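Report on the following structure.
Per-chain residue numbering starts at 1, and chain names A, B and C are given in the order in which the chains are listed.
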Amino acid sequence: MARGRHIWTNGFFVWVAIFLVLPILISASVSITTDEFIAFPPKGVSLRWYGELITNPSWRHSIGNTLAVGSLCAVLSTIIGTMVAYGVSHIENRLLRDGLLILFLAPLAMPQMSIGMAMYPLFAKLGLIGTRWGVSIAQGVLALPFVVLSIIATIRQRDRALERAARTLGASPMKAFWFVALPLMLPGVAAGAILAFMTSFDDVIMPIFLGGFDANTLPKVMLEALYEKSDPSVMAASTGFSVVGIVMFLALSVLVRRRNA
Amino acid sequence: MSEFSPTKADSKAFRALRLEPGLIWLMPGLVIIALLFVVPIVLIVWASVTDPVPGLGHYAQTFGDPLYRKVLINTIVSAIGATIGCLAIGYPTAYAIYRASGRLRMVMLGIVLFSYAVGTVPRTFSWIVVLGDHGIINSLGHFLSSDFQPVPFLYNQFGVLVGMIHVLLPFMTLLLLGSMARVNPNLEAAARTLGASRTKAFLTIFLPLTRPGVLAGAMLIFVYSLGFYIVPAVLGGAANTTIVMEIRDLALRLGRWGLASALSALIMAVSIIGAAAYVRVTGLSNVYARE
Amino acid sequence: MSDVHDIGDSLSIDRPQIVEGGIGARVRIQSLFKDFAEVRAVDNFSLDVNAGEFVSFLGASGSGKSTVLRIVAGLEEPTSGNVIIGGTDATKLPPELRDIGMVFQDYALFPHMTVAQNIGFPLRMRLLPGREIAAKVESVMRLVGIEGLGTRKPSQISGGQQQRVALARAIVFDPKLLLLDEPLSALDKNLREQMKSEVKSLHRRLGVTIVYVTHDQSEALALSDRVVVMRHGHIVDVDSPERLYRLPATRYIAGFIGEANLIDGRIERAGPDTITVDCIFGKWEIPRSQVRLNPDQISAQKMVVIVLRPEELLIEPASQQPNIQLLECTISEVLYNGSFTQFDLRPKGLDIRLHARGQLGHDGRLGAGATARVGLRADRAVVVDSED
């Protein structure tokens, strides 16, 4: 069909693209200001505020925390999520399988605050409040649905047939899982791990509710910095944060493309 | 059916597991979900009616006390506003992507996903730079006229709305795109050959066929935006407190666990209903890989 | 050799007159090209379709037939070339202004409308009053045989019924041109045979010009006034079904349409009325009317292929006829096919395999391994170029 009509929708898209992207670029530009205030336009160019992130103990600590908590969350939820996805895909009963899937996807339907609040009493009793483990586990529950979805979307009938073939060739269930199923699921697992890390990375609510100094992740410190200090280091953190997010997303898309190839 | 052949002696448990080979793998996950998700939620609901005294007092207060009523209304209004805004902007956006092909489509999707990848927190913060008193818009006004008074875009409903739409738009666009992709492209072509102009074909064929997907997506976004915390906290004012901000205040600052639980239970109930409706409309079939 | 005009005469079939200025539109497709990125999907396609004619585009998938149809419909823009429908240059016209009816392979029925609403859609688009729409819908539903289904949704009717609804929807507004894109391919065999007859009688009743795209040669042969054989985006040949079958123009067509025995040979002598071809069975004299080479290609030593249809090989012919060459053959395989039996043959002492078709019953003697006398009707042989 002729291209003429598309001018309207494509033009609209340009405005939407500007809406989506421009604010981020503007905040990035503010982060390199020499001034002590968050204001546009930025006065001068300086990487001073990025330096702040490294020299200031509060920022530095939070970056380390974020990486630690994120990795922990990714590891936990990926292991559990892989087992869940594998298990669910082997359920023969249609109703049971769909029901279980809904159960494991349920955290998606709940507001994160409620989940965090719900875990508080239990974590308090276990002494997990204020610890990295506590926050990671809580975020792991949030991330679990993403991991499960990511892996289930990779499992095809063909993979199950290959597993069955391996069984007839003498492999035990465990061996069939390890040597046949797992390698085939690997792209989904890797994508799930990245998604889990991204979920933890972006999460502010669990560190607020269940965390403490040790689990002060970057988003939480950014939030506090906004209220307390309000200097451009917040924007530097914000920009750095965005960059990491984009990098992770690019890694994810490469994985997805390879999975679909 | 099942080739599960246990090496241990045939206990009853293993015989049961033979029926469903997948179950053993699900054990750890089930334990975790039960312990860390199901049980805590039940406890929350329990706490909402027992802490500090048994009864539905907290729920009464939620709907009775004007303070909490305002919070509920704030939340719902913001959510509705964000959903409508996302729909209005997201539908044409999704349609543009749907109509695009090849390279252009990839670029468009890339832009949308880029915004999503940046993360909720940076996106929210960036609006401070755009809408704030020293932000780009007000600076522009100041540049154009020296006695320009900065317009308060932030710390009110407007700022919250803009922030929410900005955060939710990629998600909504993808949902809508998904429902558009399910429409048979031959249908519009058929309508054209039968005498419908481009616009008519869009209005009579394409739009109605995307309606179920649009409704389901709107429902999902609405439910999701009820639980927003960061955006209203950063971009809103005291008068824009949402339910999640209130829960946090009550639970962590004021120690009023019961009331916080009640509010939590309310929002959980609404979320479950919304999610269930979404699943009912779209079905779980599109979760599994194509064979 | 018998009468030189033997095949030619038997090819004239009684056809209804094509009415000029009748309901059907004349379609002229001129030098159509269509490129998709690196691929040339349509390569210099030109065709004149007469008013009220039934033309089929026949080809394998990827031959470009659907692309040409979509260009005629206005759903694709050609890279270059023109489409003229009923005297108007339609090349730049959007589909809704071309007054064509189109039936898609998957029917493309609107799932959110009832059958009656589907059929009435084009009339609604043309702003006809409601009562008139209802009347026309009713009459066309009767025409295709789906009365009473008006209030059902497409998902509630069978595949065959859906096909008829698609047809009804495409003709209810009396278009001058009807385009059908493999409309029968989704139906099972019995339904397909039945629909073939109905499409043909519909064509005769309406007198509309029909362009029909298919990969099924039996459909093309059965329904068309002319068949356009396509390959790799360009036209291989355009001819009546009878001539395409009995006098294939190229080796490709001979093999593509129907079954064929292809026998290599070389022209020994090119005479004024006949040519002599030297092949494994000896020297055959073939009338020029059955030689489908370019006249400037007909010379001695030219490599050619003799085409002999399976039904032109006679198993144990009853009487001795002058134009039949007899061979002793070993039957390598017998495949019973109901209305005919196929025999795979190996002439004794010769390195060639032949297929014959006969109506012989499955009597014990003519089984695999048996010997049979086979008569080759050399007078029916057609000569084509050995290159495709």
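One rule holds for everything that comes next: a residue touches a chain if its C-beta (ideal position, glycine included) is under 8 Å from a C-beta of that chain, and two chains touch if they have at least 3 such contacts.
Nothing here was measured: the structure is a model prediction, and the numbers come from that model.
Engineer: Could you quickly compare B-C and A-B and let me know which has more C-beta contacts?
Structural biologist: Comparing B-C with A-B, the pair joined by more C-beta contacts is A-B.
Engineer: Where centres are the averaged C-alpha coordinates, which chain has the largest centre distance to subunit A?
Structural biologist: The chain lying farthest from subunit A is C.
Engineer: Just give me the whole-number Å value for how far the CA centre of subunit A lies from that of subunit C.
Structural biologist: 58
Engineer: Please work out the Cα centroid separation of subunit B and subunit C, and write it as a whole number of Å.
Structural biologist: Computed value for the inter-centroid distance: 56 Å.
Engineer: Suppose each chain is reduced to the average of its Cα coordinates; what separation in Å results between subunit A and subunit B?
Structural biologist: 16
Engineer: Taking each residue of subunit A in turn, which ones touch at least two of the other chains?
Structural biologist: Residues 1 of subunit A touch two or more partner chains.
Engineer: Would you give the residues of subunit C that are in contact with at least 2 other chains, written as numbers and ranges?
Structural biologist: 75, 94, in rising order.
Engineer: Two or more other chains touching the same residue: where does that happen in subunit B?
Structural biologist: 192, 198
Engineer: Note which residues of subunit B are touching subunit C in the complex, please.
Structural biologist: Those residues of subunit B that touch subunit C are 184, 186-187, 189-198, 200, 204-205, 208-209.
Engineer: Across the complex, what residues on subunit A touch subunit B?
Structural biologist: Subunit A reaches subunit B through residues 1, 5-6, 9-10, 12-13, 16-17, 19-24, 26-27, 30, 37-41, 80-81, 83-84, 86-93, 96, 98, 100-104, 106-115, 117-122, 137-138, 141, 144, 149, 152-158, 164, 167, 172-173, 198, 201-202, 204-205, 208-209, 219, 222-223, 226, 234-235, 238-239, 241-242, 245-246, 248-250, 253.
Engineer: Along subunit C, where are the residues that touch subunit B in the complex?
Structural biologist: 73-75, 94-96, 98, 100-102, 104, 106, 108, 110-112, 121-122, 125-126, 169-170, 173, 179
Engineer: Hey, which residues of subunit B end up touching subunit A in the complex?
Structural biologist: Counting only subunit B, the residues touching subunit A are 1-5, 7, 20-26, 28-29, 32-33, 35-37, 39-41, 43-44, 47, 89, 92-93, 95-97, 99-100, 108, 111-123, 125-130, 132, 134-136, 139, 166, 169-170, 192, 198, 223, 226-227, 229-230, 233-234, 244, 247-248, 251-252, 260-261, 264-265, 267-268, 271-272, 274-276, 279, 284, 287-291.
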